[in-house]
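Here chain A shows up in two complexes: once beside chain B, once beside chain C.
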Partner chain A sequence: MGTLVAARAAYVCRTCAQHFHKQLGLRRGYSSSAAQPDIYDVVCVGGGPAGLSLLTALRSNPITSHLRIALVEAQDLAKMKSWKLPRDSFSNRCSSLTPSSAMFLDRIGAWKHMERDRVQEYQEMQVWDGVTGARIEFDWAPGSTSPAGTTIAYMIENLNLTSGLLRRLEELGGVSTFDNARVEKISYGEETEELDLREWPLVHLSGGKQLAARLLVGADGANSPVRTFAGIPARGWDYGRHGVVATLELEGEGWGGANTKIAYQRFLPTGPVALLPLPGNHSTLVWSTTPSNASLLKSLSAEDFVAMVNAAFRLTPTDLEYMHTQGSGQADEYSWRLQHTKFDTWAVPQAVTGVQEGSIASFPLKLRHADTYIGERVALVGDAAHTIHPLAGQGLNQGQGDVQSLANTIEYAVSHGWDIGVAMSLEPYLSERYAANHVLLGVCDKLHKLYSVGSGPLVHLRSAGLSAVNALTPLKAFLMRQAAGNGIKVF
Partner chain B sequence: MEVTFRRSAALVAQTGGLRRSIAVSAAAAVNRRHFSLSSLTRPPPNYPGHVPLTTLEKAALAIGSGLMSLRDPRRGDLIAAFAEATATPYFIYRLRDAMLAHPTGRRILRDRPRITSTSLNLPYLRSLPANAVGRTYVAWLDREGVSPDTRAAVRYIDDAECAYVMQRYRECHDFYHALTGLPVYREGEVALKAFEFANTLLPMTGFSVFAAATLKPSERRRFVSIYLPWALRNGLRAKEIINVYWEEQLERDVGELRSELGVEPPPDLRAIRQREREERRRRKEEAERESGRGRAAGL
Partner chain C sequence: MRATPSRHATALLRPGRLYARRGAAPQLPLHPSQPTQTRHYLSATSSTTASSSASASHAPPPSSSSPYSVNATEISHFSALASSWWDPHGPSRPLHLMNPLRHDFIRACLSSSSSTHQQQRQQQTPTKLRYLDVGCGGGIFAESAARLANTAHVRAVDPSEAVLSVARAHARRDPALRGKLEYLCTPIEALPLPDDNNNNNGGYYDVVSLFEVLEHVDYPAEFLSRVARFVRPDGGWLVMSTIARTWTSWVVTNLVAEDLLRVVPRGTHDWAKYVNAHELEAFFAGAEGKGLGRWGTPRVMGVVYVPGFGWREVRGSEKVGNYFFGVQRLG
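So, the complex of A and B:
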């Protein structure tokens, strides 16, 4: 392999040639000077799931493993790596990983570093309209087999994912990490006697350290400084909704037992409420609702909050609206209304019995899409490129899709001797991901808007549509494979 | 009840054609629970007194009772059956949700109070000041010679809570007379029904407005020009009057409650009729005097 890289490097690429020298111990003098910036092939700003997956993918691939890589992260990575929680306690920030995302993590060797007993896969989904009760049941026909099994998605704590990725990255080695480091500013470099860095982004860290990047990757979240530096506008709108999250305890392991877990989502006029399974009798809640409702929910006692969650899956929107005007006493109200409300016990989640202390939190929901993901020596991945409504649980998977595509693009550029930073090398990444992400952002946006309507003909139309899809088994199977990320590629 | 049906069967026998078959099927639907055979196939009642009906039976009951009550508007039992048969789908749920969206409405649904001559202390109400809601109500009862106990129990609405909503509407109807001051005879009743329709949207109340066709021409003109516009405007503008906990409002000033609910009192129907009667009498006397003078002059 070494000879192969060397042979390639010999006639194509200056970077690779540098590495060739480096491998032979022929380091150039400039990197030791304090005034001079450290030069890297890839500087990744942001140590979240997207950034860490990208670096792990690059390091684990023999073709790209020799790239000089730096990671800049504001938080303490050692703390993230040693993240540990008792077995019966779960972080409130969880994500749904599709089998194709999980397969990617497995391919880059990170999957086995996750705490596997804290990851919960689910096989069925129940989605219904809170106004009419029209329902779509994503369950597998008896005896049906799919190449990826019957798993629709894996629920994983974000911290479990990042600590697993960090452990894998440590195992691989070779990444210069700058954690607890704030990015002071990003600018272009200067021309010196030896080097012309005028077109290279220079990342100024809080300690005075400067990193020059052949390719600067922005994995730095929705308010991405890298995107601002590149002058790429992100367009979209705020939903005027907050996502309330919490870790909940249920009366049992779920109606399907420990081996067939079910995810539930009910569309209320204020937004969808979802209960996603975690190991044992735990579940994680994502309730999209108005900011005033969200602040009320956060102010409630544990008993009233639990009643509200149970009510959200059972009572009518009218009852829920009223209960959101009460300062307290929701538990009492719920037990009264439960007697007068008809619902199918088996079609809603098992009753919530408790909420993990301090796990109730909320965050604003918005839609953003950057005009482009690439610039000269700049690429954006994950939330820096797009922010999506959480109703389909696709945010993290979109980021994983970006990372997969960008890693392939870099691999292709390296193996063809191109400069990995120029926009032309990065073009395939943009063309592969932009339309796919845009469609998904649009679909989730329209679903949110369609289900925000509380009454009128549209309600009946959407219910008829949902029931029709539910009845068309082949169409439903197609949608399930698409959701799992292992269907035929449409976009 | 049996007597009523025999009477309606006799009525049906006099009429012919399509109307007969519809009315018969409606009566049969009402009567079915008396047949021992069908009680085997009928689902158990959801609440005491509940008569579960199929959709077809409900439709037949609605048409039959509707037609028969148009023939004879004094048949309160048929109007009640019609109200129940047409309250689903949608309308009674809408009214129930209107109650559930209001704190007092919710309290009423939770307590499920009934209005009867024993639940209300009528002598006490008579002792209240003249402008109190309870006094107005009891004065109205006394003037019209009716009792709170004349209201039939709801039987054909399947959901127990919705059945209570219909019961509550029915029992509060007399309070609506007291609130608006509209009298119980046909003209006032039609005006109140129009008000209730605009306020509750229950189909029966809207249907009852068609009884305006049976009014005398002068009454009909008065209804169209004065009471119908008043009813629609006030019914739509006022708060949902189903959410009034009347049992707690008995000592309140009726004017105060009216303005709180956004109801303006309609012109006093009794006074108008009185005036018109006097006018007519005066004119008649004048005419008589005229003709008397004429006769005298002729002699």
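So, the complex of A and C:
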């Protein structure tokens, strides 16, 4: 156990806490029934962006800063905090942060702890239909404004985000951290002469430590043990698709130069392929495709992989399909087929020239939504509550939205004397977030399905729709503002 | 001695019960100078009183020697409700949902404290407040008050042992309450009065709360006279919430009609709503003459329960249904 700064016991009164520490000292041992638990107001399982943002929000708010907080994380937090990469090298796991998520991080004092020169904002989006070529260009009409200026989103490495949050949390202090810790089981507390903790979740850590939680927060990912403990089912389906990610090098800084960066997304019948700008001439790839295509892509040489990515933004779906049947030699195939394909050079990303070694990876795509986000003394945030198709880059932002809402709910409960763990005091969080997340999950799911269709009348309809939106400047501006906001809209 | 929770939600829909409640109301000598009107009200009400609570309305007339404010029927009523007190989806749900508004109201009262008293208080006890919660029931307010960071101590009293055993058992579930919350089974008349010579603030309280209690008391004026003595003379607050006599119950009374014609030129609603605030205001305006100390101008906040959304402050609604009433003791 490492303690960032000695934990303060305030909400749980000092004497009780000391009492329990003493008890623990007397009875240290493996027998879980004999050991007395440490009592916390919030025990957060999971030190990812959602969990860390929540704790940072609680610690940075004077109304909730007296809460006794514990963080449980399986990985080594010191390693996460001291994460460092050379300037020209980028992690392949990046997220697109909306301005409202960035503003939230700024409000809780974490934004300035990010390595800002590794964060890349973009101002334009090019989205088009791979089958018909129908296109929507999201650029700001002259004179149009948004609260966040012209930034649509910030591309940030997940590790930059978590290490920045950890540094902010260290600056704030007051969180008992249990890292490199496995949650062995979660049970309920016991009744003693003085206390009745039978409704309090009890987190058993490897090594025998026990943490009793007034509120147990599940920020523990898609397979959330906290969600399982609370008996909350998560429903959904697998898309039968994998997301292939990679860090790429382009021939230049992009068609807009260093100050106007552009994100590209092309809908192919196998799934969308997206190229999102990173600083300099780097970009990050997210390519949703079939599992067999994904394993082929991962098996290719760097040269052939680069050719496939360039092809994905330029060649016809038929050409691409053929190239996925080749075990190798895509680079030659691409340069030959490119000569016979008409495309607008300025409307597709600059040519990819290289792939960062070891950065190609893939993961299965799923849609999951928990039946509820709250239970008695339990709240779920981020991926523990919902897993979304990555095509809109909204997964992390949904988690940030959850965290903001839960932190506000806890603040309200504390300032009104409510027990922050009881389901009733958590109800505002559920009602604020569930519907919003559900709509977004649904929209992304429908988009995925709509663009998976390779032929037929639906293809023409969707193209007509995309072209119509593109022609309507005010509607587009509205959609862009929605995208820059935090929540419901996709593009 | 809390309200039947379901009553909050349905108060306006179930005037029959209100009549029954108000059967006792005319006996409350809030207007000791207007015995005639009181009689009118009594006669009008008893003709429409629901039989279920007829016994309450036929209670013996008030006498100054009446020992306790406690009504035995009310006690048994709430004792029967005890087990469901903390069920978030049980009949007490509206009370749970109302609780945060009580704190908002108290906060508004405290921050409106007259500046000299605020300064005095800050010099004497810089931060933490002492509460007396009268008619605490299962402890919804008492627990929440004890959890607040600026609370020194909460003493909560209720005459029903059954209800208090629920309150005590529930408080054991929260380690943060230990040492800050104390329950006493007693009617307020049996609680020793503050003693000015005593240390420990002489047994006075910074905030004395009476939430959803007044409407269950047979003789509110006497009850209030007793409760008021526990409020710190140098700027403490007495806060309460109750339900206004609604238009449905008052429109039919001669009292309303007569007063309507005499006091308010138009709108029966307005008049009927007006009277409750007026009664309490009149009580505290005249309190000094009865040796109950000097009181400031009361604050009133009306709230409305919207099923599915919870409680909302609605300006002016204190004249229709549930409302908060707070008054600061200035001497």
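Rule of thumb we're sticking to: the second predicted complex is superposed on the first by the 451 of 491 C-alpha atoms of A that agree within 3 Å, B and C clash if a C-alpha of one lies under 4 Å from a C-alpha of the other, contacts with A are read in each partner's own complex, and residues count from 1 in each chain.
The criterion applied here is as follows: contacts are C-beta pairs under 8 Å (C-beta built on N, C-alpha and C of every residue); 3 or more make two chains touch, one makes a residue touch a chain.
All values reported here derive from a predicted model rather than from experimental measurement.
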| item | value |
| --- | --- |
| Partner chain in contact with A:R235 - chain B first, chain C second, else both or neither | neither |
| Partner chain in contact with A:E321 - chain B first, chain C second, else both or neither | first |
| Touched partner set for A:W336, first chain B, second chain C, both or neither | first |
| Residues of chain A touched, compared between chain B and chain C (which is higher) | C |
| First, second, both or neither for A:K84, with chain B first and chain C second | neither |
| Touching partner for A:H66 - first (chain B), second (chain C), both, neither | second |
| Parts of chain A lying in touch with chain C, wherever the complex brings them together | 10-13, 15-16, 39, 66, 194-200, 214, 412, 414-419, 422-424 |
| Interface residues, chain B side, partner chain A - complex | 97, 100-101, 103, 106, 109-110, 160-161 |
| Chain B partner contacts - residues on chain A that touch it in the complex | 316, 318-319, 321-322, 336, 340 |
| Chain A-touching residues of chain C, taken from the complex the two chains share | 88, 96-97, 99-100, 103-104, 143-149, 169, 172-176, 178-180 |
